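Chain IDs A, B, C, D and E follow the sequence of writing; residue 1 opens each chain.
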Amino acid sequence: MNAVLLTHPWSIWTIIVPLAAAVLAFLVPRRAPLAGIITALSVALFVAATAYRIFLAGPHIQLLGGWQAPLGITLRVDGPALIMLLTSGLVGLTVSFYAAGYFTAADRQERRQQHYFWPLWLLLWAGCNALFLSGDLFNLYVTLELVTLSSIALAALNGSSAALDGAMRYLMAGLLGSLSYLLGVALIYGAYGTVDLTLLGQTVRADGLSRAALALMTAGLLLKTALFPLHFWLPPAHASAPPPVSALLSGLVVKAPLLILFRLWFEVFPDTATAGMAHLLGILGCGAIIWGSLMALRQQRLKLLVAYSTVAQIGYFFLLFPLARGEAAATAWVGVFLLVLAHGCSKASMFLVCGTITRLAGHDRLTGLAGAGGTLGARLLVFALAAVTLVGMPPSSGFIAKWLLINAAIVTGQWWYLATIALGTLLASGYVIRVLSLAFTESQSPPLPIAPRILRWPPLALAVVALLLGLAAFHPAVLTLAGAPVSGIILLEMVP
Amino acid sequence: MDPRDILSIVFLLAAAPFFLAGTIGLLRFPDVFCRLHALTKADNLGLGLIVIGLALQADTWLQSARLLLIWLLVMLSGATVAHLIARTALRAGRKPWSGRS
Amino acid sequence: MTELCAGLALFLLVTIVLGLIRIRRGPSDADRMLSAQLFGTTGVAILLLLGQATDRSFWWDVALVFALLSAVTAIAFVSRTEPAETAQEQRDEHGS
Amino acid sequence: MSVSLVYTAAGIILFLLGTYGLVAYAHLLRKILAANIMGSGVFMVFIAVAGRTPGAPDPVPHAMVLTGIVVTVAFTSVALALAVRIARTSNRAHLPGRDEEQR
Amino acid sequence: MTPGLLLLFDLLLPAVLLWLAWRSLTSSDLFRAVILFIAFSLLLALAWVRMEAPDVALAEAAIGAGVTGALLLVALARIESAAGRRLSPSARWRSAALVLTGTALLAAAAGLLWSLRLLPTMPGGLGPLVDRHLAESGVDHPVTAVLLNFRGYDTLLEVGVLLLAAIAIWCLDEAVPFLQQPLESQLLTGFNRMMLPILLLSSGYLLWLGSHAPGGAFQAASLLAAGMLLALFSGASLPAQWSGLPLRLLLVLGFFAFLAAAIIGPLTGRALLHYPPAWEKPLILLVEWLLTLSIALILTAAVIGGRPTGSRLYPPPSSPSAEGRRQ
């Protein structure tokens, strides 16, 4: 039994099962929610099996079609991929349950949303998992397109004018980003005759052509991951989509191009990328943290506030580029990957809470929620619980992640990044407290009905998981470094 | 020189004026109906002459047949399209040029 | 022979460039569609000539596809211009 | 081999022309055309690169371009459907700009 | 050989392509822009042929001349009937951001073109490797071998993207009646009567060609789709009882077959997409045939641009008149 557990290619089923389920959900729309839930449970199982295999047998490479690397495509089942798969499994499972309760067949319009949500989401899920596992530059392009196109369709799902505009903006940004990435791939193939990440890592020369290709691919991916100042498309798309979709877009989808960026910069082009380029990304990250947080503070609608908070949180991920240096490399690496996991869970939870609140109150205007108390107050408490991780308070995983990043900033002597992290945390507390204060003002509005159980538990579960991950952060931290391009000790204690 | 080659060259060279005429007609003729003539000349005769010229050079009958098929298809499409475009233009209320304007 | 074919192909490419002027001038959409149609035919001729000049017969397969599809765009154009599509006001999801 | 360099350069310029069109123009259909032109530029670089190898051209970039063309067609068709839907919902064929929101 | 004349051709063609692209982007009238883009696709196919990429040329010819042209023209008509035929506002040069973009793009052009000098003069490429393993792939044409065997995973996901596009389009909107009245023309009817069988045959020919020469499922599917479009334009439509589950089944058939062929490997202890030995050829052929049918339908669905109306899943609102009054 154990031999099968340790040798079977579990990870491919996280791609194949959603693909097959998407087809079934499209064929038999009435049974789509059932197909979705079964898929969610099985994907979670396959992710767990993959984690088990990596934990005991280490990272491994899977050949597709049985062909070796330059000819065939390989899958990389390593630590970074696993953390992403874990995020995808956790967020996907919870959102699937929530969506099963959220999309009902009440009327014609809703039935349409219900019927199309499932195939699109399952294709998106397959795309995400495929992207996380891919070890081939061109295959990454195809998976990225699968992710982008399904995200666009989901963003437009409710058919409102705002959603359609948001989806269109998303589409244009996505096209620009992916074509720019693809041109970089073309140049790389022209120079080295292969698109396999491992082989490229061994052969890439640090010359002008590699730098040009890296710049093209990075620019495209920055646009896709919505790093400030290329974030213009994200808030409208994320805020006007149905809440389960927003949760997926913010919790999962923005991380997809991010992983490609990490793989490119640390595995394929470690010598090509100069310190100046790394600092540029770091500075843009700082800009994102500050700008996104300030914009979040100014928003009048809960969903837009959460969406701008995503813009800010994306900034933290980019601190990896300047911070992962010398002896701080492993620390920063683990910190950022923990942050990806923490942000995925907490942000998805927050968007789901937004959805429940909107369902109950009929809107998500902050002024209108004042004095909500009662039912809404309980929802806002879940929001607060998720926000603990987002802001980075102990003992959440967000806290550990930021702690590691701060340590890395201190060790490498880059104080300004530390200052930005601190400022970002302060601003984040600001916009979270702004929301929470609503719950504690006096209630004037008539009591609202209690939300159905299926709309209450998933966000709470995610928020709790995000919080408790902080206590069990050791395992994910170790796994993150399995097969990672950086190594070293994780500096847990402050070493000024 | 092989007489077949000479014949080919004659046909190919003869094709060029038709294409040129087609283009010039497209540019100079007064209205869409007249320009249709220009188009069909190039389709039927220009391409036809080229096909004949090349078919003379072909090694096998199959290749010649393929060339002829291409020509037939282009003529078929050209005729249908010309008819439909003319009809659209007529229904849109455009009067054929009568030489007086 | 090859020189002649290559030269003719070049010449046909030049006539395409000249034909672009009609697309620019119009005046009607039908005129523009007509120019595109002529380009299709000229394209077939260029493919045939270059296939002969470089001795690659697969070019003729491409020419065949050109010839097969040369009507599709124009017919799409005609169908688009002729009957106007129904107004979309009474659509169900509009009011909800 | 210089011919392949000509096509590579043409591909890169096509890509940048398309980028300009995508950014500069408001009409959605124009943006979609621009994206298609960008894509063609990228494919041209792939194919030109494949033609540089000695002997027969490298089939792998050809296969990649075929994949890319299919993906581009998929994107184009969704983008067009979305543009039509926007035109019907809001009676406009462009995205609301900043100045328009203020008006 | 005539390097001189062909070289001239190779210099003129990219120049014309660039010019067409530029005109297509900047011409004030959108219909003109679309026509210029169609002309651009035509000449692009010539360029692929010149660069000895026959598979790509066939795909470009089939897609660019057929499906994309129809897609664009139909979409343009629909956009203009809803939003009005307006001249597209030209680039707003006033805006400083745009000047900045333009400058940045020029700088990027300079940098990229300059970096091209670093391309290796004698690159290896994967051609020899593909040739070495061609015999094991099950087909005799290198590009098909790469598409359906060596990099079959890409193709599997790519077909997924195509299916996704169809689902997305169906999700976005309901199909409007494609034509208010069919194009009544005896000539067109006759043309179709001749053309449809020829298109069907040629589609089969390209598919058959694909196993040993340039051609293949996508090219064949584009031809088939062109045939369906011709039928559609002259008023044909799918019977209502076919537009529900049967149509959906046909749309997913190719993808599902490919997926099924892919998982034979892991179920029998091999890698994903590792076909059982000696079964490569029949499996690839089966997958290609079904893919052709599904892709053709997906492309046609893309031009129609919406989910079928009147299916039992989304019955029309109970009383349309009441709906009308409400607005």
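By our rule, a contact is a pair of C-beta atoms (placed from the backbone, for glycine too) under 8 Å apart; a residue touches a chain by one contact, two chains touch by 3 or more.
As the structure is a computational prediction, the values presented were derived from the model and not from experiment.
K.L.:
Note the shortest touch-path length, in steps, from chain D to chain E.
P.N.:
Minimum step count, chain D to chain E: 1.
K.L.:
Go through B-C and B-E and name the pair with more C-beta contacts between its chains.
P.N.:
Pair with more contacting C-beta pairs, B-C versus B-E: B-C.
K.L.:
Taking each chain's centre as its mean C-alpha position, how far apart are chain A and chain E in Å?
P.N.:
31
K.L.:
How big is the gap, in whole Å, between where the Cα atoms of chain A centre and where those of chain B centre?
P.N.:
That pair's centroid distance is 58 Å.
K.L.:
With chain centres defined as C-alpha means, what is the inter-centre distance between chain A and chain D in Å?
P.N.:
27
K.L.:
Counting in whole Å, what is the centre-to-centre distance of chain C and chain E, each centre being its mean C-alpha position?
P.N.:
17
K.L.:
Going through chain C residue by residue, note those that touch at least 2 other chains and give them in order.
P.N.:
If we look for residues of chain C contacting two or more partner chains, we find 33, 35, 40, 64, 68, 70-71, 75, 77-78, 81-82, 88, 91-93.
K.L.:
At least two partner chains per residue is the criterion; list those residues in chain A.
P.N.:
Residue numbers touching two or more other chains: 108, 112, 138, 142, 145, 149, 152-153, 156, 159, 187, 190, 193.
K.L.:
Please list all residues of chain D that touch 2 or more other chains.
P.N.:
8, 12, 18-19, 23, 28, 49, 52, 58, 60, 64, 67, 71, 74-75, 78, 82-83, 85, 88, in rising order.
K.L.:
Show me the residue ranges of chain E that touch chain D in the complex, using the header's touch definition.
P.N.:
Result: residues 7, 10-11, 14, 17-18, 21-22, 24-25, 30, 33-34, 37, 40, 44, 47-48, 51-53, 55-56, 59-60, 63, 67-68, 71-72, 75-76, 78-80, 82-84, 86, 88-92, 98, 101-102, 105, 108-109, 112-113, 116, 119, 121-127, 130, 142-143, 145-147, 150-151, 154-155, 158-159, 161-162, 164-165, 168-169, 172-173, 216, 218, 299, 302-303, 305-306 of chain E touch chain D.
K.L.:
Using the touch rule from the top, collect the residues of chain D that touch chain E in their complex.
P.N.:
1, 3-10, 12-14, 16-21, 23-30, 33-34, 36-37, 40, 43-44, 47-60, 62-67, 69-71, 73-78, 80-85, 87-88, 91-94
K.L.:
Quick one: which bits of chain E touch chain B in the complex? Just the residue numbers, please.
P.N.:
My answer: residues 183, 185, 187-188, 191, 194-195, 198.
K.L.:
Which chain C residues qualify as touching chain B in the complex?
P.N.:
Residue list for chain C touching chain B: 1, 4-5, 8, 11-12, 15, 18-19, 21-22, 28, 30-31, 33-35, 37-38, 40-42, 44-45, 48-49, 52, 57, 60, 63-64, 67-68, 70-71, 74-75, 77-78, 81-82.
K.L.:
Contact residues on chain A for chain E in the complex?
P.N.:
8-9, 12-13, 16, 19-20, 23, 26-27, 29, 62-67, 70-73, 108, 111-112, 115-116, 119-120, 123, 126-127, 130, 138-139, 142-143, 145-146, 149-150, 152-153, 156-157, 159, 187, 190-191, 193-194, 207-209, 211-212, 216
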